[in-house]
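Two complexes come next, and they have one chain in common, chain A, joined by chain B in the first and chain C in the second.
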Partner chain A sequence: MDWDEEYDLLAAGGAAERSFVERARNALPDDDDLDMPHGPPRPAAVPFQLQQPAEEETPLQQLMRHWTNERNCPDILPAQEELLVNILDHIRRQSQTVQLLREDASTSEDEHVRIMLAQTEMERVKFIVRSYIRTRHYKIDRYARFITTNAEVQTRLTAGERDHASRYANILDRHLYKCVLQSLPPAQAHLDDTAAFVPSMITQPDKTRPVFAHARQDCPPIRLPDGTALEMQKGHISLVPYHTVEQFVVRGEVELV
Partner chain B sequence: MSEARQYGELATQLVLESRRSTQTDTLLKYNDALVRSIIREQRDLEKAAEPLALLDGPPVPALIVIETAINRNKRCLLAYHTHRTDRLRDMYWAVGGALPHILANQELRGRLSPHEVDFLREYHASIMDFRSDFSDELDIMASITQPPKDLHALVKVVRDCGWIQTELGNINFKKGERFMVRRADIEHLIVQGYLEEV
Partner chain C sequence: MALPESLRMSITPPELELISSQQLLEIVPLISMERTAFISGAYGPLRPPNKAIVPIWMAVNLKSKKKCHIVAPAWLNVDFLQDRLNYETSKPGFSDLPFRFMEISKVLLDVASDDLEDPDKLRSLLKDLREARQAKSRDGLKRLDHSELSLPNLSSMEINEIRPFFVQSMHMLTQLVREPSAA
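== the complex of A and B ==
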């Protein structure tokens, strides 16, 4: 189901019903039962996704894929700015249409029901966008100091996210300075100690964290930490350390579930 | 040091407090006294280390012991404060970024150090900046715990919250009353505990 198609249907005030039936048929598994925001997607959702054709994703499906990826990934994934802008634009256009139709006195009762369904759907899409942004935001706060020192990660963030990361890193540094460091002897008042046998002072994403990777297509062999190779065919789901599938996730060959 | 105490014992207490805070899922009162005594211990250790560091030759074992204690104490101090800021951030998001709501809560405020209040204010300012990047269509502060199932919600007013603009016009929410309103209009009030879903 294409967004624009749906928009046109709604704008015409006409056969929107078909779109909902069709959407229901093509819909991704319902996320209502997910234990948000921490729980992983329930396993029952997986077989359903296996039947999804890998090609021709609608923007909503793309958004949902990026959203589940982001939620399951220990690292920060590249920002999907274009997709988000498109979806938000679409929501804006659609809410304008809805507004127009609602104010139109000639809109029938039947159409009002459809408008309500469209509005509910919009709220649900907004929920996913919000959850996606907040998930990224949580990681940015957590790794703010790491982000400010690592140019590669910065390329994966939007300008707004970058700004917030550096602001937050500053706020936290200042806070720690005021609470602790300024009272310590000068020799101890640094945040970048590199003592032996002690973990780094900068929290970094743990890329060795295991993730469930679902191959959306046949993948080239993955080298596992013990030296063996794993070849994932389309539809396979494996539990692997994140760093082994990192590139596949970025390229969209693998999704995290 | 006057008392017979192992190096780093106080720091262990401090970290234990963080641990307890995680286990009980509460923010404990900022332990100013303990933080101060650890900082005092740090200064004493530094004084003890200085003459040893001036000695010629390879570092003496005593110096290594002291340095290790210093590093450990410092990490514990930082861990304690970072743990608290993490909790503060979670708390901030749990009420949908309503900072006045947090600060008006006297019981909670009593548990924060003045620096932590400043921290929350600065964090809030940064989030507001970040939020303004998004259009009016999307309020990133709204709840993300339950996906919406209905457009409207039946709510009960738990605390007076005055006139609120909704789809149906301005409504004066008074304690004890019930309304059927658009969820998006009052979501933040549910999060902040003014309204309850029936």
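== the complex of A and C ==
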């Protein structure tokens, strides 16, 4: 099931049910019952850490990290399809629970606080999901022609996104052809000329754009454009061109802030 | 389009606040609530007057309904911030503060100033800190070159503030350096 479909279901109020098998396949190891890190989050001995990294990341924290990475990254990052399906599934279950509780007239005053908190959280999560998907869509629209010609980028997209990219590129081509190109001499009617000393006509992600990279763990040395090496310790923050840290971002060793 | 122009270059401060609000915080609840499963995890149970740990957004929500008191984080007090301010004004580097201290202190001072000690003094210290650090980060522009700039202890809001200008400048430097070898 792809994102858009998931999302439509969600927009429709989460009423639609998926088959049990599919739910089971995508379900988390039921994290409703999982205990969250409790006890003081910052032990007194080490009062300040940049983040709260000691515990395993929850799915939501992962999504937030991928969201900020995507927002700050000039390129399109690998799609987090499974994670997103998990979270959307979770939102849907939560909204069903809330719906049931709301309809129940015997729900007490205390319950209303819980319902209100659950709804607040759902809105927060939905905002992040929406923003994440929109950021990707923006990049896909922008680089649509490049995506259709580059197999490597396509591996980073979901089936739905690939489909969207090729349809969008198609429509745009047709539009440009009908408006202008058809009345030009054939030699000038291409959309993919590669003239010397002129930027390519196909917009590509600019990987030399600098990003603020924050090391989530100690990283092996990276080679900088001026030839020197930089070894990022955990917590280190640097402004570097994106291509130097690309691999680390994909592997999750570095996040973009 | 899919993403409005204003959101393309950078994350906005309200979005940073949203991210920060996921961090955990101690509260003293005034209502009781069973342990409840949320999407980000299970929180509770709330049993006044025992302290409980919840995400900041939840604390803020409860606080605005007068259903809890917020316990200030260990770094949000006059002594600590004064200490950091002394460091900022006497040493060249940035002092070590929580990565999202600006967002969190702003949220807490907005909704829970009555739970903090001496909020006015806190506000003025935070403002001084901000100004001292801002001067330093602007000074850092001198060290900018085309390959790397280390920014130890810079906080998320400060990064966001300098992002457009620093990214643009570095990008320009990259292009200037690259041209000769490419041609």
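List of remarks:
In the analysis below, the second predicted complex is superposed on the first by the 205 of 257 C-alpha atoms of A that agree within 3 Å, B and C clash if a C-alpha of one lies under 4 Å from a C-alpha of the other, contacts with A are read in each partner's own complex, and residues count from 1 in each chain.
Here is the rule we use: contacts are C-beta pairs under 8 Å (C-beta built on N, C-alpha and C of every residue); 3 or more make two chains touch, one makes a residue touch a chain.
Not measured: the values here are computed from a predicted model.
By the touch criterion defined above, A:V240 lies against chain C but remains apart from chain B after alignment on the C-alpha atoms of chain A.
Contacts of A:V180 after superposition: chain B is touched, whereas chain C is not reached.
In the superposition on chain A, A:V113 makes contact with chain C only, while chain B stays out of contact range. Touch criterion met: A:R124 reaches chain B and chain C at once. Once the two complexes are laid over each other on the shared chain, residue contacts for A:N72 go to chain C alone; chain B is not touched. Touch criterion met: A:D226 reaches chain C, while chain B stays clear of it. Comparing chain B with chain C, more residues of chain A are touched by C. Within the superposed three-chain model, A:L60 lies in touch with chain C and out of touch with chain B [touch as defined at top].
Once the two complexes are overlaid on the shared chain, A:R167 sits against chain B while remaining clear of chain C. When the two complexes are overlaid on their common chain A, residue A:A151 makes contact with neither chain B nor chain C.
Shared interface residues of chain A (contacting chain B in one complex, chain C in the other): 31-32, 34, 36-37, 91, 116, 120, 124, 127-128, 131, 134, 137, 141.
Residues 35, 39, 42-43, 46, 70-71, 74-75, 77-78, 81-82, 85-86, 89, 93, 113, 115-116, 118-119, 122-123, 126-127, 129-130, 133-135, 137-140, 142, 144-151, 183-184 of chain B are the ones touching chain A in the complex.
Those residues of chain A that touch chain B in the complex are listed here as 31-32, 34, 36-37, 88, 91-92, 95, 116, 119-120, 123-124, 126-131, 133-134, 137, 141-142, 158, 160-161, 163-164, 167-168, 171-172, 174-176, 178-180, 183-185, 187-188, 191, 193, 195, 198, 201.
Looking at the complex, you find that chain C touches chain A at residues 1-3, 7-8, 10-11, 15, 18-19, 21-24, 26, 31-34, 36-43, 53, 57-58, 61-62, 65, 67, 73-75, 96-99, 144-154, 156, 159, 163, 166-167, 170-171, 174, 177-178. Within the complex formed with chain C, the residues of chain A that make contact are 31-42, 44, 47-52, 58, 60-61, 64, 68, 71-72, 87, 90-91, 94, 110, 113-114, 116-118, 120-122, 124-125, 127-128, 131, 134-135, 137-138, 141, 208-212, 224-226, 228, 230, 236-241, 257.
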